[in-house]
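Only one structure is covered here, and it is reproduced in the block below.
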């Protein structure tokens, strides 16, 4: 059973993972509903590393098919909190 | 010039006599002033004084022409003065000033004067003899009737270079005048304690160089011997040696406690001070009166005072010139 | 520990040597009646007599050669050549006999000879009396070359040399004789094969020997004030050279400055620099620097002599240029 | 009136011990008289007066050691009033303090071969250990040389740590580094355009089979081992080069030098701007999983500034994929001394005729730029056809 995380905790985890692949990014200024690719200069390799970082931090399996649902901050939080509910 | 009344006892021309006296006194006062300046720390390093041996340089150098050459040792203040290098550049050299006779680079042991063919203060014992042989060789090869006078101490006869140089000069018949200033001590070792054969003229004979021993405390005897020797060397183009038996009244250099000799030996020799004995001789012959003595003394004092002033005023060589005069720094 | 002047330490060594072994005798210019130019044999003539404390004529080649002969003949001579400047006249005996006889004779003969000489400049005695040539001697296979920088080494190295089968050349820097230092009450022989780290450090290694050690230590103190920790190595022995100690230090600090009072070109400092390049190339963070004498006959005036010789200030300047570019 | 001072009695004398006075205050003194005895390291020495006059008073007791120059007594010179005691001799100007003459002449400024890095052996060693790319390091050592401190600073900065090295000055700012890289790229591109006669060929490749095979494969793998399609492209290019080896070569000393090994360089854009193209060694022999792991490692380290310079130096061909940025086709410039470069565009949905039916298919455009001195369009075309064919059987890559 994965301990329930509040939405804020999920958000910080996601931002920290984002910071690892885009060290120069100003995480505070991330617009929650705009896709990461449009705000930050990240490519498919960066996105893969980002998803893996989230997976390691939250111990959740994210199928490749669900990647599109992780393309923005709000998307991530919605998807992950739902995912963790189920787990 | 003075003429000979009969063999051996030259009657003395007044002017020449006063000149010899004046030259010896110049050296004596110059050296005395250097002692004072050394004690005051203005002159540093080593300082080897000529006090007591003045008659040798003064007498011998009279026999040389300006065209002849001199090679001397680290005890060469007197020789430089008599040869004609002004006292100012000599004193400045002792200070290490740039207006010294060697630009201040050499100090007491390394006076040089190209214009007067004075090839230095060479300070390694015996180091000057081979150089003198070479100068004479050059003269012979270029057909110049010149003499090279080489001054050295009794210590040098212990060096291989003494025998090697005399032999080569004799073998190749070179115009070298070897002048040994035997002051009985090689620094702290008496002649008899470092030479089995103490008669230096006999050593020279063994190497094929004729010679004679002369009382180095009698300036006239020195001059007479030197003139005869120069006749042989220049006339017959072959080497000759004179052993001047003389004595230094002060330590080998500044200073040593002189443990190697006793006081009364020094006192005995001081009784034969070349300046004191020659002054008495001049007065006996009516050639020197108190007035002359006073004028000479005043002239010497002035010369020495000017020399000190010249040295004091001299500039130090700028550090940027450190590697000047070095062919391949 | 007691305080003792360098020259007194040499005299203590000479006395102990003469007392400990009847085969030992001292020979050299003015070592007897005069008590030694630098007063190192003061009083020894009175104590041991003219047979064993022998004044020699100024015949360097011959009395060094005679020292070699006496050593071959079963004695243990200590020959004092007044200064390295006069030893040039004896170089033939040293290079062609002292250093060579064991090898040339197929190992039949050994030459247990000690030769001591003063070296170095700094007393305004001008070019012919101010040479630093210990590096020449360290070039010669067959002899040991030791420049003691402290009173303890000055005495100890002399005693250790007595037990060596072949010639040992001891170079005593003329400026060190009046220097006072600490020494054990009855200090005995010391090692004469390895270097010593006189001051540990991490940022640069100062490698030196003999008289220059004290300038290097002074420089190290000045550098410490500006946050640079210099390690100071006293080589103690030029031949054989303790290369491992040098390489270990350079491996740690990655920078080396060699201080040697000889002239730069062909100096012993050049040899040390070559060995560092050969043995610690990949540890080097900057070219090895050398602080040596300006290539000029040592001038008489103090300000020129000081400018010509290595000084603490020029060592500090060299290190700062090395670190800050 | 004059001071009688402790005289300097020898080259190495700094002080002396007054042993005894041989004249008492009030006694007359003549120039040259011995008035005292002093002990030095060499023994007892008699000291003379250089003045004639009256010994007024002594200032130092026997058996006291004083430095040279210390006043020992006052002598009133004959005929001179007892004025202020002055040193008997005029004082000449002190010699100039020697400016610290540069004892060791600085070595002549070394002429470094253009493009060759001036870096100390120890710094090169450290860079290898810390994985710092020397091209990105600004040298602060003498003559711009790179020192250990510069490497440490670069490594620290890459890790985002702000560890001020005690001695090292901070490495140049990021802007400097970017500028230097821009200059390096500019020089290479200009030379390429100047020297290499490029020709270009391109083709559109059906990616359908490859992408669906990839989805299947990724389901079987844990998250961090999932493959990106770029890896399939790299392997296809590598294998195709076995069929058209002249594209896998270098142009040196105006002749082509074939390379047995196939090291495909991958163009990676850096976060701060700029580009590097590190090599994947022996690309053709690596499994897809190896390729993915190495490719990921390369990208991560390149973006952390931690590439080993050896990885940069020996790609035999380069692949650039700007598909990420939504570009359909790429006409790239060859990296000298390589002789070819392959560009892959974005994967797009296009109407595609299969068995005379028009169906939607995922396709991308592959472009080859090649050096006409080494190969010609015909060979270039064969290469692209091979890549296309290989991508149709992804399971054999």
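Labels for the chains are A, B, C and D, by order of writing; each one numbers its residues from 1.
Following the convention adopted for this analysis, contacts are C-beta pairs under 8 Å (C-beta built on N, C-alpha and C of every residue); 3 or more make two chains touch, one makes a residue touch a chain.
Just so it is clear, the model here is predicted, and its values are computed rather than measured.
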Most remote chain, CA-based centroid, reference being subunit A: B
Chain pair showing more contacts of the two, B-D and A-D: B-D
Chain occupying the middle, per Cα centroid: C
Rounded Å distance between subunit B and subunit D, as computed from the means of their C-alpha atoms: 66
Centre-of-Cα separation between subunit B and subunit A, whole angstrom: 102
Whole-Å gap between the CA centroids of subunit A and subunit C: 72
Whole-Å gap between the CA centroids of subunit A and subunit D: 38
Sequence positions of subunit D contacting 2 or more other chains: 11, 42-43, 95-96, 98-99, 101
Two or more partner chains touched - positions in subunit C: 35, 123-125, 294, 301-304, 307-308
Sites on subunit B at which at least two other chains make contact: 44-46, 96, 256, 259, 316, 319, 322
Category of the chain touch graph - line, ring, star, complete, other: other
Pairwise chain contacts, counting only pairs that touch as defined: A-D, B-C, B-D, C-D
Parts of subunit C lying in touch with subunit B, wherever the complex brings them together: 29-30, 32-35, 37, 55-62, 85-86, 89, 123-129, 294-297, 299-304, 307-308
Of all residues in subunit C, those that touch subunit D in their complex: 5, 7, 35, 38-39, 42, 123-125, 174-175, 177-178, 203, 227-228, 254, 264, 281-287, 289-294, 301-304, 306-308, 310-311, 313-314, 317-318, 321-325
Residue ranges of subunit B touching subunit C (in the complex, touch as defined): 44-46, 96-97, 104-107, 109-110, 122-127, 155-156, 158-160, 186-189, 193-195, 256, 259-260, 316-317, 319, 322-323, 326, 328-329
Residues of subunit B that touch subunit D when the two form their complex: 32, 35-42, 44-46, 95-96, 254-257, 259, 308, 311-313, 316, 318-320, 322
Touching residues on subunit D, where the partner in the complex is subunit A: 160, 215, 218-219, 223-224, 226, 228, 230, 269, 271-272, 295-296, 299-300, 324
